[in-house]
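Each of the two complexes below includes chain A, the first together with chain B, the second together with chain C.
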Partner chain A sequence: MLKGWTGTLLRVDLTNGNIEREAVREDWARDFAGGRGIAARYLSEEVDARVDPLAPANSIIFATGPLTGTNSSTGARYMVVTKGPLTNCMTTSNSGGLWGPELKFAGYDLLILEGRSPAPVYLWIHDEAVELRSAEHLWGKGVFETEDRVKEETGFPDTRVTTIGPAGENLVKYAAIVNDKFRAAGRSGVGAVMGSKNLKAIAVRGTGAVEVADPAGLMQAQWAQKHALTQAPLTSEGLPGYGTLALMNVVNEHGALPTRNFQQAQFEGAEEISGERLVETRLQTNKACFACTIACGRVSKVSEEGQGRYTLNTSPRNWREATEGPEYENAWSLGADCGIDDLDLILKANTLCNDLGLDPITLGATIAAAMELYEDGVLTDKEVGMPLPFGSGEALIALTEKTASREGFGDLLAEGSKRMGDALGRPDVFMGVKGQEFPAYDPRAIQGMGLGYATSNRGACHLRAYTISAEMLGVGDAEGPESPVGKGELAAAFQNVSTAVDATGLCLFLTFGVGLDEIAPLMAAATGHPYTPAELELAGERIWNLERVWNMQAGITAADDTLPKRMLEQPIPAGPTKGQTSRLAEMLPDYYAARGWSEDGHPSQEKLRALGLG
Partner chain B sequence: MTSATRTLQIHPDRCTGCKQCELACSWVQTGTFQPSRSLIRVHVFDEEASFAPYTCFQCDEAWCMQACPVNAIDVEPDTQAKVVIDDVCVGCGLCVIACPFGTMFFDRGSHTAEKCDLCADDPACVHACPTAAIEYVEADPVGWISAFGEKVDAGRRDSLKGEL
Partner chain C sequence: MPTARFLGIQLRKLAGGTELSLEGDTVGKLLEALIAKAGPEMEHLLFSEGGLSRDARILKNGRNIGLLDALATPLEQRDTVTVYFFGSRSYPGG
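Coming up: the complex of A and B.
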């Protein structure tokens, strides 16, 4: 087996409690590089694309990459791959923290979980000893309490836990899986899949080693990688200084900050919820994921004025009155998108999302869509159970809780804004793609991001093609954000590279400072396979096409590669980007051509053969 | 010996909890990445919203040395580091019990005690730390340890206030 890999996967059939060890297929390991790639390969082999995401026949895979657990900067990541209930597509949801490396140290590259347990259980992996334990007493508990109790039950304070909260148990379509209390595989409802399997948590403690093929080569490559990260402004100053929230003022000033369910593209309260404001008034310290030399994570408290108004119940073991976050996306979805400019309230709502196990992006966006319907008179106090105008923090907090428990109006919110809009006869309020809500960049203002959203394999997502990097943030070359020119090729290239990074076990934020030129030597030294930047990019393209083919088997067509009417037809009403709409129709043919796909978005046979998929 | 010896000085305020120091240490010990074999460990102080790595600070009293029945722990003359002589160690574990700081470790594989030896005057954790939270300098360890201890204690005391 290649080094960097443990060579072993753990297969658990939850229906009958069978636990088996299996050798990881080396050819797949090499060609799909790891993480997102190898998990997609196993899923496509073993699960029918037309499966009901919440049926026992769906599997859920947790996968690390060859660099997870090494000292390569950001070698912390694991990927959850399954069919997502929000999108009905293959979803690939990524998380950092400490859990992924722990799985490697316990001796496993991947976990494949199948079937459905007859009663709530959690999986306890302590090196070779693996067992399913009853989780009856944990069912209904939040993420924070579950993690504390599982640690106690395993007897080790350094056991790492990934778990669902009540939202996952109640099959909320966008329930998250949360590890280390504040790191989440957040999107597309991976937590609901875990809940549907009656699997509450996976606890891991590993004392073993990750071995690499070329120790001297790896040491050289990781110094080069880390040095490059200290030279790039975003990885040496922007992210450590202000976290991902550094983007709030930048994106707002550009006129690309979606506001009040994308009715405006600038938020008058942006300054109040910016990274700068967080640092001035609330930041306690930076926090890194495993092996990360960037350390963008935030440990924050409510401000002095907020004291007493908001209590953060993060359990006594967590930072006393402090919490983690918020990230830019969450501060946007729970903030600007809902017209809320109170950072303390956002901290509270974000902490609730972590504890209840909800994806704050889709939650905030769904509540924002409901706020629009309320202001339009489609929803009333009676249906919602409370007033729901834009800007209502009270409603945000109350509805977050009701969504996780599917209580009252929360039951409809728990379906996401697409299904909610459809049910209320207003499909136009859904701001997303393939059932999944947009993240925090208006696609009318940044053309490449719109194309990336429309073509993303897991529904709207900023992490599949972060073209804004090249269009606006000065990382790489591209036409400006207002131009559709060259964006087809740009989005495809970004998708391939990001997919490759997702496979290695490293974090995408690296790409603000280094590229595949720096990552390939790490992969080569760790695995012993002579990866080049081109080969890694090809692996990214291979994975992307595999996901696409599987999604098409699941029923996705080119008609799904689109944006809501509001993005295509309604110009941004004011601000520096006034008058812009998404020019998707001009970009999409370029994209399909750049991909070597037919005009109706099908990967051609030649393309699939060239990638070894045909 | 005339030159002053150096010691590992920890700056908890700079530490991000990234564990690069653990990875570097385990690399020195094993040639692999295996934090469970690291001789430096990162601790989380919840009350303080702070992280700090800790390892042996080569204390003068060296209870590990005093406890060892076979004199397997010796003082390295250049660095004043207390080092385990593997050939002599019989693996009784008394030093692990004796160390009040919990920085003596026991390796089940080789059945010997293990401790920080300052990497022969060039500690790998210092190189690996991205934030200079560990420095190798002439300094009195008692100073920073008691200052940090007081801060953590104050945090603990505060956290005891409040209602049930």
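Coming up: the complex of A and C.
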């Protein structure tokens, strides 16, 4: 087996409690590079693409990469791969923190969880000892309490726990899986899949280490990687200083900050919820995931003025009144998208999302869509149970809790904004792709992002092709954000590289400082396989095509590679990007051509054969 | 006069505020006026090797001047110039 891998996967049949160890297929490990890739390969082999995402026949896979648990900076990531209930696509949802490395230390590359337990359980992995334990007493508990109690029950304070909250138990379509209390595999409803299996948590303690092929070579490559990270201002100063929230003012200045359910592209309250304001008034310190030298995590508390209004019930032993976050995406979805400029309130709502196990992006976007319906008179106080105008923080907090419990109007919110809009006869309020809501960049303002959203395998996502760097920030020689020229090739290239990075077990934020030229030597030294940048990019392309083929078997077609009518036909009303719409129709043929796909978006047999998938 | 806006705490401290009104009929002239007011540390941040620092980002009314006429981009009285730093070195981002 390649080094960097433990060579072992753990397969758990939750229906009958069987737990088995298997050898990881080495050819798949090599060709698919790591976590996201090999998990997609196992899922496509073992699960019928037409499966109901919440049925026992769906599997959920937790997968690490060869660099997870090594000293490579940001080597903390694991990927959750399953069929997502929000999108009915293969979803690949990624998280950092400490849990992923711990799984490697315990001796496993992957967990494949099948079936459905007859009663709530949690999985306890302590090196070779693996058991399912009752979680009846944990069902209904929040993430914070669950993690504390599971740690107590295992007897080891350094046990790492990944868990669902009430949202996952109640099959909220965008429930998250949260590890280390504040790090989440957030998108597409992976937490609901876990909940459908009656699996509350996975606790891991490992006492081993990751064996690598060339320790001296790996150390040398890591020094080069870490040096490069210290030389790039974003990874040495920007992200440590402001976190991802540095983007709030930047994107707003560019006229690309979606506001009030994408009715505007600039928010007058952006400064109030910006990274600068967080640092000046609420930030306690920054925080890193395992082995990370960037440390973009935020430890924050509500301001002095907010102390009487908001209480953060996190973990008194650890942070007292402090919490973590918010990330840029969350501050946008719970803030600008809902017309809210109160950073204390956003901190409160964000903390609730962590504790209840909700994806804040889809939650905020769904509430924003409901706010638009309320202001249009489609929803009234009677249906919602309270006034719901844009800017209502009270409604945001109350509906966050009701969504997790599916109480009252929260039951409809729990379905996401696409299903909600369809149910209320207003499908036009859904701002997303393939059932999943957009993140925090207006695709009318940045053409390549729109194309990236439309073609993303897991529904609208900024992490699949972050063309912001090239289009908006002037890195490289791409055309400007308003131009569709060259964006097909650009989006495909970004998707391939991002997918490859995901597979390695490293964090995408790393690529603000280094590229595949620096990552390939890490992979080669860790695994012993002579990966080159080109081979890694090819692995990314292979994974992308595999996900696409599986999604098409699930029923996705080229007609799903689209954007909402508002993005295609309704111009941005004001600001620097006034008058712009998405020019998707001009970009999509170029994208399919760049991918070697047919005009109707099918990967050609020739392409699949070239990638070893035919 | 055109308005210069600054993102990031360090830049705001150097500039003496979040916004300044500055003379200048081009972006280059406006930055000269900014340096004259804020001092050599601002110049060190904004310029290197005879040109704009590769990490400095300058927008005219929300558009990157790299996509316009760079420092020769003309300014009118009501224009807004945004200054910030974004040091991405590689490609995909996150």
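The definition used in the following text is that the second predicted complex is superposed on the first by the 611 of 614 C-alpha atoms of A that agree within 3 Å, B and C clash if a C-alpha of one lies under 4 Å from a C-alpha of the other, contacts with A are read in each partner's own complex, and residues count from 1 in each chain.
Here is the rule we use: a contact is a pair of C-beta atoms (placed from the backbone, for glycine too) under 8 Å apart; a residue touches a chain by one contact, two chains touch by 3 or more.
If you're wondering where the values come from, they're calculated on a predicted model, not measured in any experiment.
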{"item": "Touching partner for A:Gly416 - first (chain B), second (chain C), both, neither", "value": "neither"}
{"item": "Which superposed partner A:Tyr466 touches (first chain B, second chain C, both, neither)", "value": "second"}
{"item": "First (chain B), second (chain C), both or neither touched by A:Val212", "value": "first"}
{"item": "Which of chain B and chain C A:Ala232 touches, first, second, both or neither", "value": "second"}
{"item": "Partner chain in contact with A:Thr70 - chain B first, chain C second, else both or neither", "value": "first"}
{"item": "Partner chain in contact with A:Gly575 - chain B first, chain C second, else both or neither", "value": "second"}
{"item": "Contacts of A:Ala288 with chain B and chain C, given as first, second, both or neither", "value": "first"}
{"item": "Partner, of chain C and chain B, that touches more residues belonging to chain A", "value": "C"}
{"item": "Residues on chain A lying within both footprints (that of chain B and that of chain C)", "value": "none"}
{"item": "Chain A partner contacts - residues on chain B that touch it in the complex", "value": "13, 16-20, 23-24, 26-27, 30-37, 46-47, 49-51, 128, 130-131, 155, 158-159"}
{"item": "Complex interface listing, chain A residues touching chain B", "value": "69-71, 73, 105, 206-212, 215, 226, 230, 284-293, 295, 297, 299, 316-320, 322"}
{"item": "Interfacial residue positions of chain A with respect to chain C in the complex", "value": "228, 231-238, 241-242, 246, 249-250, 253-255, 271, 276, 279-280, 463, 465-466, 468-470, 472-476, 480, 493-494, 497-498, 501, 507-515, 575-577"}
{"item": "For the chain C and chain A complex, residues of the former touching the latter", "value": "5, 7-9, 12, 18, 55, 57, 59, 61-64, 66-67, 82, 84-94"}
